[in-house]
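Next up, some structures in structure tokens.
Each of the two complexes below includes chain A, the first together with chain B, the second together with chain C.
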Partner chain A sequence: MLALLVIVPLIIAAFLALILRSRTDIVKYIALAGSLLSLLIAALLFFTTSNAVQSFTWFTAGQYALHITTTTAPLNMMLLLIVAFIAPLIFAYSFGYLKTPSEQGRYYFEICIFAASMMLFSISANFISLFIAWEMLGITSYLLIGFWQHKPKAQLAARKAITTIIIGDVSMLIGMLLIWSTYHTFEFSALSFVAVTPALYAAMLLIAVAAFTKSAQFPFTEWLADAMEGPTPVSAFLHSSTMVKAGVFLILVLAPIYAELHMLGIFIIFGIVSALVGALNALSEHHIKRILAYSTIEDLALMFIAIGFNALYAAVLLFIVQAFYKALLFMSAGSIMTAGDHEEDLFESFNSTKNRGLFITTVIGTLSLAGVFPLSGFFGKVAIDSAAANFSSLPHILLYILLSIVDLLSSIYIFRWLFVPMRKAPLEKAFTLNINYRTLPKSMLIPPTILAAFVIIGSVFYVTLTNLLPLPGAPASVTLLDTIIETILVVIGFAIAYMLYVKLKLSGFTEKHEILHGVANSGAEINGFYNHFTAFVGLIANIVWHFDHYCDMALYYSSKGLVKIGTILRKLQNGQTSLYVAAFMMGLLALILLFAL
Partner chain B sequence: MLIGPFYVAHAIIVLMLALIIVPLATIPRKLSYAAFLASSALLALILLLSIYAFLAGVDVTVFTIFHLYSFSEFFLGLFAFALLLINALSYEHYPNFTRFLLFFSFAIVGMFVVAMANSLVTILLGLELMTLPTAFMIMTSGRHHIEAAVKLFILSAIAIGALSFAIALLFPYDLQLTLSPVSAISLFTGATAASGNYLLILSIILVAAAMGFEVAAFPFNLWVPDVYQGAPGNVTALLAGINKKVAFVALMEIFFVVFIQFKPIFSPILVLLSIATMFYGNILALVQTNVKRLLAYSSISQAGYILIGLAVATQFGIEASILQIVAHLFMVIGAFAIVLWLESNNLRTLDDYNALGSRNRFAAISLAILMLSMAGVPPLIGFIGKFLVFSSAIDSQTLLYLAVFGIINSFISIYYYAKVIDRMYSGKSHDMLAMGKYTYAVVVIALAATILLGLYPGPLISAATVASKALLAI
Partner chain C sequence: MTILIGLMLLVSALASVFILALDSKLSKRLAIAGSGIVLAIAILILVSSLLQGSLSMNESYPYINAFNISLQLQMTPINFILVLMTAIVAFAAILSGNPERAGVKTANTLIMLFEFSAIGLFTSANLFIFFIFWDIGVIALFFMINVLGSANRRYASIKFIIYEIFASSLLLLGIMMIYFYTPVHSFNISSITAAASSIPQSTQELIFILLFAAFAVNMPLFPVHFWLPDAHTEASTQGSMLLSGVLTKFGAYGMLLIFTMLPIANKLAVPIAVLAGFSTIYAAFVTMMQHDIKRVIAYTTIIDMGIILVAIAAMNAFGTYGAVYAMFAHGVTIALMFLSVGCLHHIFGSRDMKVVKGVVSKAASTGYSFIMGVFGITGVPLTAGFIADVLIFIGAIQAFGLAGALPLVGLLMIGAFFYLVVNRSFMMTKDPSQPIEYIGMEEKAGYAILMGSMLLFGIFPFLLLGFSNL
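Up next is the complex of A and B:
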């Protein structure tokens, strides 16, 4: 089990962190060393072993044997390398971000297990090992999101996350057991050769639902934004390479089967809805990290759309480059928050230009997300646009228009995200703020710099991906038309954001639920155009948000309902022995009646 | 063979009787430690003998009332091992251990009698011998435990009544009342068709109700939370960890040997009981604030999972249920050991569990792992048990929905298990708690079983296969 070696250092580091948690000075170095060792092993695996599927029997029961299967297929190695590469950067960033000594042991334990689960996920080649990793990811993310237990909001967010994740787990488990009951196999590779039955459709649909919950796609979007209550390095990790990527990756691996079943269309439909939900929410959000969270939903949705068009290379390309720029942007957000004394409101953050290193890396990340040539984000996004560019029928044209709108919106919100904290701070704040910016620890500045370098050179994947990964389908291509359209959209977005937030110093679109009220009171200084524009965007965001909110409420109330039933049932247990005897007799009677009738 | 099969069986019976003599000999002199050592040694000897008998494939009938074969040997060994744990827990918990042992040893003999039974009357007596002393164990533990003891006593009396009636109804069909397949031909009236044999069906129903009481299946289980909460922790561990499993053994012996030809009749009953029990246990556990009561409901829901495999009623289903029985036995004994210890430190409710993580790290992490295992998180033993149980339901094709209900339930359960784990790790306290060494040992063993059998369940599964095949071969 060569591939499993990769998680060993992290597991050891995790338990060392737990044992040595009173020695807070060395715990973090242990975690970092563990992650670097894992990176080394991952790199060795990548360069030395060829595509090898290995499996060992976990246990046999009846006539069936359960195997843990791992693979070193190029696609799996790609994810493994991304995770292994991002992990040490995240750990290093945590050095500066997380300073409370009493939290260190717990934090590094949880995040090491989290990273290890994602690595296990990335090398698993059957449902058994996948499910173990899937479950571990769910539990550790729950712990990490609710890491600050003293914050009630964090507790709520963690609970919301676990609720959504459990829905995914249920459908995952039912899906894989359906497959097993029909075909008696858990191997992904065997699925390509099986006869198509209704059970397979149902199972693949359930697995798609599971992937949607993990990747926070519509209608399961809300938990990801709330998950911002966790520590920022966790967000950076969760959004770039772990957890949310698990859903997309699962669909990526299973894409040939979905294609065979002609089920790819669902990814396009849910993808475009999620992309709009993400982009619109990002535009109307004030929380500095939640904007990025919604933008992640949009990125993931774009990957799903690419899979929906069976443009796997385009999906993988965005998959890779998104990991770099999203981790980078979250680190920037964390640094801005740290300098502003944990201020989370975008409009209360100022002077982000004061630390030059931070500012430059932030700009690189922003430009990459917006899709500016020749940064890697550009290739990722435009490759997907090109894959979707098909003007043969009305739905396709509509889809392309919607995609362009999403591109425009993402350009607006990300430049808004960049411009607003650049403003000059009020005098009373400026002094401490500037000092804070200048004294940001090195550990919080070096990882983003490395990531920024990768954001720039990540563009080479556009050329080399076809050599690195053998995938079905055409290689990712960027057409001139899409390049021009994208560039125009980015420029328009830049211009709008510049006008609104730099020239007019607008205080932003108001919070979602107060949007109409806010627009009505926004005063005379905003001229008609912007006024209408704000109202329009706000309205759509509001509608989408409401729908999303109802889905969320449905989740909430179904869990609440269970508790309610429990409270009612509890009245049965009043401690009266006679009642218990009566229940016994009633049960007996019911069974007799069952057969008498 | 080193020892003749007949001698093995006799040796086990003699050791059982010796167990009863231990407290009788030690009470007058208040030799608690000697009583503990002697009883542990006897249990360990029974454990070794049953392992030996299992490996050697001993199959022998003694006095026509006992039958020693792979199935009974498997459970003899399992119970002996689990009883060793309970014995250690109780020794630490009771200042006057010998008085406790007086009742405990009778209960132990009852359990072994059920496991080795070769006739319906033996099963009845064994169950009685197990339940009554348990009520006395609760009663003698202190005045405030009397209510729980009386409840257990009254309801078990009714259940035993139902079982006796069921056996009496069976008499026309099998004059011997031995554990052998009963045919549908009444020796008195000559009625043949199973559907027309109301006496037989009534007998099956009465057995189901009586066993429903013993295994805590809804609606025969309303007494469970009160008794589990009211009883001292070691007895609760005994009730949930072993007594219930003994009842499952009796249920398997009656349904899969005596009534094996009436599978279409008893299988739907078990399906109903299973679904009701799972939902009842899990939903009520959601609203509990007392941890012991929460665990009581959780163990009810676990009984529901065990019933799934029995409802499927195939060899694979029985094997899966045996696995789940073993899994739950270790998890619940470990969990109640911790709860008992915390209770003796006056920590009872969820609020009391706040910051346990910083007060005793080992206890918190062990309880967390045990609960994750109960929730069915891989790769712990709880996952293996549940996985096999659900697979058996899927395998039967007709009972696929049972697996779906089971899966939904096991995810509902994550809520309340996570709630406990959540509490243990929220807040901080420097008020350290020390764990007694016997409790510590018990928790370590239960934890090791939970983790190791989860990682490497191969031998356990093959043993369960042998046991279930032996049961069906009678």
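Up next is the complex of A and C:
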């Protein structure tokens, strides 16, 4: 109950923003105040309360009561604190990014509810409260991705997102109801003690599917890339701490049960496929934000792989540090786009070095994502590599090689992402561009600076995480061998990107290499698969509808036929005596003939 | 012995008569007053029984003494939930369902008459008066479509009445058979329930099938649903709100009655659930091919009623609670959707999703009300539909295993399709359609009432599920 307090300021702020939407000058401050208050409460919860599960009855149906349960377990508090910490930064960044006054009320309403849903998600300890947050996240993200209603592309992206998400929602709902029907409980804590039945396997599999949809893992990757049509602060929020992290976090919480059922392998398999899909697509993409989106898919896939190896500490470490560097990188992308007058093509963005503060924070974020020692991203990534480093069997070795390839690819694409906008602008653009860079609002520069600081000091989590969080499994460790391999890969990636994009000034990487293009553009193929699938569903719908229509028409015409028969028969009773007499005579004749013969 | 149910019936009947008799200028005020009083009584019953913790009312008024038939009315929580839904939907329909202000007097007379019949039907403790109220309701809505509907109304209303008359003749036959084959020779539901096991199996089966067919037409279910899309599409906004919101619940309530009344239901539950599940998926596919938004909503009624029948056929506590809750949720949600589509048609002169564009930029309240309706229909948490879905599918999974969750696939498909509609016509504000009319405060109040009850009973479900004798 107490933990629920944390979402109250945001909910109040959301509705205040909605009511006061005409007062565009104060709406943003209301939202910021709400998020700061939430951060305060989250911090108080983190420091004062111990690990406590609180539960209250939502409603009873017959003899069973359905509860809403919240927890202040360290893992949940960790997520809550990340969300509460990132939210004010995102809101502050929005001050500068979102300037149209008429949009402010709706924007802050939706994003406050979005943040509140994620906070509710992070403190929920049973399926009911989790599902409420889960669906609210889906719906608010739908509204936020399609926030710019005048952009048809944004609407298509929002629809793709919600369609994927409701697949997950239904999957989740069936899973949790299956658990209830078998064990009469919705509590996560109770699941560890139940007897293993086939229903539990089915339910956990369905929940894994739900997590994959939310975290945009293969084969549900594409909505996340399209979701870049939303406002950049939303992307920064969605990719760093909310929404896509929900899927990973759910699996993180349920990992002991998956381990007990020996189902962790699915996370490794889908994780490595998603990581490759993400890294390769990031390499071929030209859209400045979509590169980062595919990179998020890769990051999340790495977390799933870590969970698959039951290396929960490694997963949590990347989970935390990724929130900082990904939010930072998205903010940088948004600033570059704002300066370039909403230019989204990487190769049409220039002069990113012109704003010193922006450039330095961007470099820090880039280096962290690439995995350069001693930034926090390095520890996150290498801890997962070390967890996967097991050379006992061929599949393990293969997996390690694939992971190394992913590391190399991520180093190439992120340095490409950094180098290409550094190029000098053509003369006709340079003047306005430089002015735009110099006049970027403070609200768009301060939040990334704070995040950059956390990207640097985030490395301490590597040491302190075991003290902060009690989790099953070995603490995250970084071995020397993996450090060396990772560093070599980063250097190679850096060199390749430098050669191609700084020395040779290539305008694209994959267009000239047809084979690579096919592999690196798997996103389009996944889309193609879904197009075929929807076409197939449409075909069935068409057949069923025609069946329905023809049945209806058949009924209509058969009733017409009945009327027709009536019309014909009516003519027999027309009152003309001559006709009756003639008919009588004919009948008599027929009878006589019948008897005579 | 209370008089509250009788009072509700009396008020609505009197309101209907007075509206017809008095000047048409007064008709809306009278109708608002009448349905407002009924709603107030319903809320009074809710509050007082929440304080008591249980709800059980029985009333009896003399009717045909010669045949020992009286106007026996009962109110258990299940009856009450449906009555409350009727009161809310009828009040909202009268207040706001007529943005064109066309045929106000006729419409209000018929709505009050229909409200009378619906409350009577949902509270009747006696199959004879159940049948009488059934037919009054059907006739009231027939005129609602035939007089106040749109261009193709005569075809649609005749189709509707043929199906419904067919259903009522089966219903009457079934009721008569029950009367003659039960040893007690009674119409009273509780005495029939007590005595039903002594009816021979084959007769019971016949009775069940007769009544099932009657209710299936009304619900409607797959092979007998053809009246519904035309009737809903051609009816006026108020007509569709009542048709889909309340009339289809007659059948669902009847299903609930026969499943509790006749023990043979145990044997037939599985095939019926299969039929209902098939009906759901079938309707989901058909819905995907529609582009008239009102027709889309009409077809979703088949989907939701199929899900409700699956829950009833589960024959366990969760399924029954879920079915009743879903009837409530579906009633208010679908009324909200029909209201918003009716206003949409009024504002833009069209309701074709290929024609109407950018509703939220030009008619924000209508657009967002429709979107809220979509959330409610697809069972998003914090709407009443979510509670219904959770209860229904717990019941269905308990009864039929994982197969019980299959209707959710229908819901998933319809959700995906609804977001397509929302995107194309509501959210995408590039080159929006231009409004030709505007709606007033009354319509917005209607949105608020329906949306409010959808959310209120979604956030605080214990208001309807808190009775100890549910």
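What to note about this one:
Just so we're on the same page, the second predicted complex is superposed on the first by the 509 of 597 C-alpha atoms of A that agree within 3 Å, B and C clash if a C-alpha of one lies under 4 Å from a C-alpha of the other, contacts with A are read in each partner's own complex, and residues count from 1 in each chain.
Definition applied: a contact is a pair of C-beta atoms (placed from the backbone, for glycine too) under 8 Å apart; a residue touches a chain by one contact, two chains touch by 3 or more.
Please read all numbers here as calculations on a predicted model, not as lab measurements.
Once chain A of one complex is fitted onto chain A of the other, the partner contacts of A:59 extend to both chain B and chain C.
Contacts of A:414 after superposition on the shared chain: neither chain B nor chain C is touched. In the superposed model, A:202 makes contact with chain C only, not with chain B. Of the two partner chains, chain B is the only one that A:591 touches; chain C does not reach it. When the two complexes are overlaid on their common chain A, residue A:139 makes contact with chain B and with chain C alike.
Legend: residue contacts after superposition of the two complexes on their common chain; A:156 is shown touching chain C, with no touch to chain B. By the touch criterion defined above, A:87 lies against neither chain B nor chain C after alignment on the C-alpha atoms of chain A. Shared-chain residue A:497: touches no atom of chain B or chain C. Counting contacts by the rule stated earlier, residues 58-62, 64, 131-132, 135-136, 139, 142, 146, 149-150, 155, 162, 166, 170, 173-174, 177, 180-181 of chain A appear in both its interface with chain B and its interface with chain C. On the side of chain A, the complex with chain B involves touching residues 58-62, 64, 102, 106, 131-132, 135-136, 139, 142, 146, 149-150, 155, 162, 166, 169-170, 173-174, 177, 180-181, 559, 562-563, 565-567, 569-570, 572-573, 575, 577, 579-581, 583-584, 586-588, 590-592, 594-595. For chain B in complex with chain A, the residues that touch the partner chain are 150-151, 154-155, 158-159, 162, 201-202, 205-206, 208-209, 212-213, 218-220, 222-223, 225-226, 265, 268-269, 272, 280, 283-287, 315-316, 319-320, 323, 372, 377-379, 384, 388, 390-392, 394-395, 397, 400, 403-404, 407-408, 411-412, 414-415, 418, 422, 425-428, 456-458, 461, 465. Residues 226, 282, 285-286, 288-289, 317-318, 321, 358, 360-361, 375, 378, 380-382, 386-387, 389-391, 393-394, 397-398, 402, 405, 408-409, 411-413, 415-416, 419-420, 423, 427-430, 460-462, 465-466, 470 of chain C are the ones touching chain A in the complex. For chain A in complex with chain C, the residues that touch the partner chain are 58-64, 66, 128, 131-132, 135-136, 139, 142, 146, 149-152, 155-156, 158-159, 162-163, 166-167, 170, 173-174, 177-178, 180-181, 199, 202, 537-538, 540-542, 544-545, 548, 551-552, 555.
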